[in-house]
Amino acid sequence: MQQRKIILGVAASDAHAVANHLIAHALRGIGYTVVNLGTCTPVEEFAEACREHPDAEAVVIGSLNGHAHEDLRDLAAAKAEGAIRCPVVVGGNLSVGSRKDPSALERLRRLGVDRIVSDPAALPAVLDELRAARSAAEPLLAVS
Amino acid sequence: MQQRKIILGVAASDAHAVANHLIAHALRGIGYTVVNLGTCTPVEEFAEACREHPDAEAVVIGSLNGHAHEDLRDLAAAKAEGAIRCPVVVGGNLSVGSRKDPSALERLRRLGVDRIVSDPAALPAVLDELRAARSAAEPLLAVS
Amino acid sequence: MSGKVVLLGADRAGEAPHGNRALPSLEESVAYVAGLGKPTAAQVLQKARESGRVAIQPRCGVGGHEEMKALLRDLETEAAPDLLTLTIDSHTRLKRFEQALRTLNRDPKDLNGYPLVTHGWQRGRDLNESVAAPLEIRHGSPDARALFDVSVASGITSFEGGGISYNLPYSKAVPVAESLAAWEEVDRVCGRLAELGLIVDRELFGTLTAVLVPPSISLAISVVEAVLAARAGVRCISVAYPQSGHLVQDVAALRSIPLLARRYLPPGVQVHAVFHEFMGVFPKGRAHAEDLIFYGALVARLGGASKLITKTYQEAYGIPDTRANIEGLRLAARANSPLLDFVAVDADRVAEELEWILAEVADIVEPLLEQADLKAAVADALERGTLDIPFSASRYAKSEVIPKRDAEGAIRYLSAGSLPLSGRALRRNDALLRRDARTGGGAADPGLRSLLADLTGDINYFLTVFGETDHEGTS
Amino acid sequence: MSGKVVLLGADRAGEAPHGNRALPSLEESVAYVAGLGKPTAAQVLQKARESGRVAIQPRCGVGGHEEMKALLRDLETEAAPDLLTLTIDSHTRLKRFEQALRTLNRDPKDLNGYPLVTHGWQRGRDLNESVAAPLEIRHGSPDARALFDVSVASGITSFEGGGISYNLPYSKAVPVAESLAAWEEVDRVCGRLAELGLIVDRELFGTLTAVLVPPSISLAISVVEAVLAARAGVRCISVAYPQSGHLVQDVAALRSIPLLARRYLPPGVQVHAVFHEFMGVFPKGRAHAEDLIFYGALVARLGGASKLITKTYQEAYGIPDTRANIEGLRLAARANSPLLDFVAVDADRVAEELEWILAEVADIVEPLLEQADLKAAVADALERGTLDIPFSASRYAKSEVIPKRDAEGAIRYLSAGSLPLSGRALRRNDALLRRDARTGGGAADPGLRSLLADLTGDINYFLTVFGETDHEGTS
């Protein structure tokens, strides 16, 4: 059976590396091929990785420093023009400040983020779900 | 020369003794005869002492626990009926709470308090002033 | 919380003090406490001791009922103290119920505490049910019987005071025999409650007049009160000791409490050491006050206290507002930090000081405990000055004792008056004070003026420590 | 402070980065600082050291100018820190000035710091004039030249960073040779400013990636940066070290800083030890966070730091609000209390740990310092792993080092990667980790899974200390 693959990275202005290191290790530990772009990764670089790895199931982006929205600004365009086709999962600390306003998550979804996950431990299940949803949807797409 | 005399005490509901002890000692130290009624002294007891000591220059009352107003409630009557003729000096912590409202002092004055003094070190000067004012006033009274 | 509060049933609230008929039976109150769904104060103290944490408790009391409820709730929500307090107003303490009622109806904010007797036990229960922590009544009543009855009926499981410690500092003209008799009645009721299954914590007010109280006086009076309480049937006794400000002295004093209990009390009695954060003249600067608050809490931990009573950065100014009280509790709680396990005191110095404390307490209490009628012996000793406190508010103590801080800041006897201290103890006190080589301000003229200046300096000790020198003298 | 702020001249503010022509001359800026009527950061640090107090400084930065001014003022009014900070936003750090401007104009609250380059130096001066404390720029820019120019023009007298410490933790793809060259330019300007009479404090970010950084790595990188800075003309260097959480290790590390300075730096350079309150995963519970904040401040004092950078009880959640920041400062200030003089650390254990730290640092830095071209040697060493950090954000470090806490919580080398540590040092690290007999959770399966679990446990060390176990794992 082919190894499952994901593209991992941290948003463009964000240098927080620790969770990224740990998530990469953990997913590799359960058998994933992880293309880890590391910290400070602009949307463009994620798109490039998608081109290089068309078999990637998802793009998984961390953002800790509160700049998720500005850093993912180009995501809408990248998805619209098909540069990123697979689902985008985002996690971390997604807005500035100690009291979080849920609207911050809403606007990320509007940019094209498919899933917002807070606990990395939930990632395997989320990735399974997304794959199941896609394989259910794709035959349909192929027919229409 | 005759020794100067004052009546000293702490208000009726108030048991704070330390400043009372120290003020008594200090005034005695500069030559006063101090009739110290101590803590928990109702207005009535001050009035009684005034009767016993008609030569007292002033009644000096401390209040720390915030109850000055209720504790001196009977002062107005005592002054009106002449049970207390000499000036009444009050000092201490004169209302409840950490932020003081000057109206608390106003209402004490309305009860018949002549002088409100915060620093006991100012007492000798205040007593001198009050005596001077009285001896200036009394001949006048005698004439009219 | 500003503006006049219309008190529900304020007219009724004034039938003070309620006759016993109006109160529920002891049995009913015991059942009420059992059904309250919260631990008793004694249980909280026991648990704190077992876990090595110092339980934390604020002082708090305001006049109005709704305001009091809000105060308790806010303190609990924001600072989660282990125990909460109803501090009672000064009128109620002296059974001036009429004045308490009048002030309550005019403006509850003019009261310096909660007039529980005036509000009545139903409201006491309402307060009790508003918070999860057990309540203690802190007051200062030479005769607390009416207040205690309302307290029990309110389901309150801790009650402060004693026939000496709530007389001498709190009233002028109540004979000690009277206050001892009144407190014996309170303690007997505690005994009956214990038989009914409810242990009421009885805290003894070793703080006394709070200002420069030599530890052996505080502890000696607590021992005497504890023996009386235990004889009357009390089963849980908290011995409160006020911070002197000197680390070794305070730690030794706290650590002496279990030893004194073992020496003078029957084994069935639970005894807790309670530490009062500095009870004397507090520094005015917020940072200074907060330094002192944290330090006090740390000393409580080092001394192995079961409980700490906190102060606030507004102490020097007046009754604190809720926010200041919360912040005082939170700051004190930091001293319980597991990260501070490494903080220690010089064990040898503590051991030495502790021996001397035990010896001085023995000198004072043993002649009394030998006598058949302990209450009479106490009244007599106070009259003769063989039991004594400085700065007494009461005529029934001689107040011949003159305390003084030594060069390190520990409180010693400059004069022990007629206290039956041993020659050894007196010589040690003398020696320690002669080591005191402080110079400066007024040291030139001897006699009364200089004694006063020294005393004032010692009273204002922490103002000096923090350089708040503009508040330094009364003359 | 809510709602959109209309930025005065927001259109102009975007001509970022300003060319040098727009900036005042160095001479003008030096004269401006001289006329500002406040001490420089270097003076404040010097005074703190002389008085034995730890100077206290918050992290603080918000996007909007008026909001930033209010923040600085509120912090100063309510907590009186010795120094204040402009924390710069992450876009500016990476020279993403366009993104900084766009966010600023859309909603300044979306910025995680103050975009000083975008606001411009006139606004920098406005901030500087709003408060009495000197300011420091804290950022994380591999290439800070534009920011530094604006900082100097703003009259700001302290500037954090270094060619290694502001590259590896803060960017992915900036070659170290580039960042070292950029920082050499900054340091040379400091040299010129010193000649003009203005000493700029240059703080080195020894905190690095903040999570489980072995002290000798932090200190070795600071020594290298300090040597480079001194050679470029810097006259005041602050060596920041992040709290590991282990008392003896932290005190030893702080106390090693003056010794390292004597050993490796020319005598004319003022060197200060700076302590960062715990920079790793913070406990979420307010009381726990506050315990850690106070503890950090106490360790800074015990280690003889000149300055402490504080955290807040909101650390685990996000950028703190003003109130939390004030409370963090106030709490930390308590550790400066004169009443805590008695608190001490085991001197022998500190001395032993200190010797080992000095030895490990020597092993790492001496091979580099011997070489003629230190910058080239550093870039080369990072490439080969003979200089390294854990959890690098940058490709230009190998991150082969694997840190691990020993049984007592001190950070040791589980693997030193290619660091040139002596056999003795490696054996000691091994021995200390073998003493680690922690059992339980996941200890059964070895290999990657268990390494990850151990690492996560160590990262979440303080969550475990405080029993916040629900936040314990990432897998």
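Each chain carries a letter (A, B, C and D) given by its place in the written order, and its residues are counted from 1.
To be clear about the criterion, a residue touches a chain if its C-beta (ideal position, glycine included) is under 8 Å from a C-beta of that chain, and two chains touch if they have at least 3 such contacts.
Remember, it's a predicted structure, so these values are computed and weren't measured experimentally.
*Asks:* Tell me which chains count as touching both subunit A and subunit B.
*Replies:* Per touch definition, common to subunit A and subunit B: zero chains.
*Asks:* By CA centroid distance, what chain is farthest from subunit D?
*Replies:* B
*Asks:* How many angstrom lie between the centres of subunit C and subunit D, each centre taken as the mean Cα position?
*Replies:* 47
*Asks:* If you average the CA atoms of subunit A and of subunit D, how many Å lie between those two points?
*Replies:* Distance between chain centres, rounded to whole Å: 30 Å.
*Asks:* Distance between subunit B and subunit D based on Cα centroids, please, to the nearest Å.
*Replies:* 62
*Asks:* When you check subunit A against every other chain, which residues touch at least two of them?
*Replies:* None at all.
*Asks:* So that we know how the chains sit together, what is the shape of their touch graph: line, ring, star, complete or other?
*Replies:* Topology of the interface graph: linear, an open chain of contacts.
*Asks:* Which pairs of chains touch each other in this structure?
*Replies:* Every touching chain pair, ordered by label, is A-D, B-C, C-D.
*Asks:* Subunit D touches which residues of subunit C in the complex?
*Replies:* 247, 287, 290-292, 294-295, 298, 330-331, 333-334, 337-340, 342-343, 345, 465-466
*Asks:* Subunit A touches which residues of subunit D in the complex?
*Replies:* 89-91, 93-94, 96, 99, 102-103, 109-112, 140, 169-173, 209, 211, 314, 317-321, 324, 391-395, 399, 448-449, 452, 455-456, 459, 473-475
*Asks:* Mind pulling up the subunit A residues that touch subunit D in the complex?
*Replies:* 12-19, 21-23, 25-26, 28-29, 38-41, 65-67, 69-71, 93, 95-100, 119-121
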